[in-house]
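Have a look at the structure that comes next, please.
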Amino acid sequence: MKKVILSEMAEITPRFSEVDSLGIVWHGNYLKYFEDGREAFGAKYNLGYLEVFNQGFLTPLVKINCDFKKILKYGDKAIIKATYIDCEAAKITFKYLILKKDTEEVVATGESVQVFLNGKGELHLTIPPFFAEWKKKWGITT
Amino acid sequence: MKKVILSEMAEITPRFSEVDSLGIVWHGNYLKYFEDGREAFGAKYNLGYLEVFNQGFLTPLVKINCDFKKILKYGDKAIIKATYIDCEAAKITFKYLILKKDTEEVVATGESVQVFLNGKGELHLTIPPFFAEWKKKWGITT
Amino acid sequence: MKKVILSEMAEITPRFSEVDSLGIVWHGNYLKYFEDGREAFGAKYNLGYLEVFNQGFLTPLVKINCDFKKILKYGDKAIIKATYIDCEAAKITFKYLILKKDTEEVVATGESVQVFLNGKGELHLTIPPFFAEWKKKWGITT
Amino acid sequence: MKKVILSEMAEITPRFSEVDSLGIVWHGNYLKYFEDGREAFGAKYNLGYLEVFNQGFLTPLVKINCDFKKILKYGDKAIIKATYIDCEAAKITFKYLILKKDTEEVVATGESVQVFLNGKGELHLTIPPFFAEWKKKWGITT
């Protein structure tokens, strides 16, 4: 059986204010680009922040990492790709890839893990029903 | 009668990430420094964001301006001074002054105006009682 | 003679990280949107930061102001419009307008003034030749 | 022989603008706090950005990670602790610890790796002499 891979891409145009005194995008801004990728994914696959919120859950990040391979300069265009990585735990994991738009060189890679908090702010240890349905809907689980 | 002038100062250490590719603090970051000044003022004179919130009000900005006189570089230290400017309207006005810490040169000046929103998000056109008391307490009005 | 008005618009999608604890875009982020407008303008009319830099000039901001009329929430889309305002001095002035994309309500207005610094970082008191030509090219002066 | 551990702490006061619509510090801001820790370390042990730059080197980040354990709210004070982790390669590694100032609860942990670029922007594969001396000076190597 073919494994379903869900991902989405978005274009990034680094802002002047995101470039540091070395003339390159300051590394911390990559977490904004990761979030841009996560939101583009959410918009495509109905997993946006507000959609999750309306189900009574928040999904704060508990872990993030980033490997910086190439620099981005002012004027560069880039692509952020966010790919959902399924697991059996009550977590949402994404892998990220930032590419230069013209050369497709890998600028950065990364990964994030989010957990589910219910309306009381308590950690939800099992997969919430809405998320189990989401997985079915998109063919990740059967 | 001597007019009461309330003001407070705070030290600013520009972050590496706040410096742009010209090697100077990106202009938009000055609004963060103004906010640093406003918060230092609020902490000194019991007008912090949470104190106002606990009175049932929000005080969003409706106007801000900034004049840039000198640059700040990475490694510079600066002082932000926020001064409360009284008026009869239901508004909170601050004047700002950013100085280089060592030379006391004026780096920037500015002004902001905030209004009062009640718990329903409606504009409060008269001075809220808690703010009238605040003015009395600090000798601004008699 | 018809006066030439040069302007450009760009779409703004507020980031999750740009929204504050009141659920609205933090006011300081509007200066980023103004810069987005300035850059869209520069891209359309050959007045981008790098184009000016390659002519041997920097154009730092000396003045900016913003009036906040309506709030932007997470999920809102907006339009930033930057309009060049000509003057006889050696300055670049822009007016800004931020509109909600769906209702076209005015979210904010503003204005910025930039000056010319030459390669030595000295203020250039007369209009640089490249900028005089730019004005002619776009029909602002004859 | 006792192993030398070099570390430095700095206080963090989250800005209003760093708090997101959930009322907690937006995760990406932790990378700024890590940098605050790195800079406090650099100031104490003569390894600041400008000191390294004056030796002809840049030390861009190639890897960073962060584990989020507890949230920080507006009004919280925190402590960032940066600890230098020695290795034989031409790298600078730091471990980070963010603690709540009052309860000393662990808010976040993290690690970053930096490499050396020479003045031409080329990766320096061996430890630069100035850094070897730095290690000796502080008793890390003999």
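Just so it is clear, A, B, C and D label the chains in written order, and each chain counts residues from 1 on its own.
Quick note on the criterion: a contact is a pair of C-beta atoms (placed from the backbone, for glycine too) under 8 Å apart; a residue touches a chain by one contact, two chains touch by 3 or more.
Not measured: the values here are computed from a predicted model.
J.: Taking each chain's centre as the mean of its Cα atoms, which chain lies farthest from chain C?
T.: Between chain C and the rest, the longest centre separation is with D.
J.: Considering B-C alongside B-D, which chain pair is linked by more C-beta pairs in contact?
T.: When B-C is set beside B-D, the one with more contacts is B-C.
J.: Averaging only over C-alpha atoms, locate the centres of chain A and chain B and give their separation in whole Å.
T.: Distance between chain centres: 36 Å.
J.: Distance from the CA centroid of chain B to that of chain D, rounded to the nearest Å?
T.: Using C-alpha averages as centres, the distance is 31 Å.
J.: Roughly how far is chain B from chain C, going centre to centre by Cα mean, in whole Å?
T.: Going by mean C-alpha positions, chain B sits 25 Å from chain C.
J.: Any chance you could list the residues of chain A touching two or more other chains?
T.: 16-17, 22, 28, 32, 35, 74
J.: How about chain B: which of its residues touch chain D in the complex?
T.: Going by the criterion above, the answer is residues 15-17, 32, 35-36, 39, 49-50, 74-75.
J.: Chain D touches which residues of chain A in the complex?
T.: Residue positions touching the partner: 22, 24, 27-28, 31-32, 35, 58, 60-69, 71.
J.: What does chain B use to touch chain A in their complex?
T.: Where chain B meets chain A, its residues are 16-17, 19-23, 26, 28, 74.
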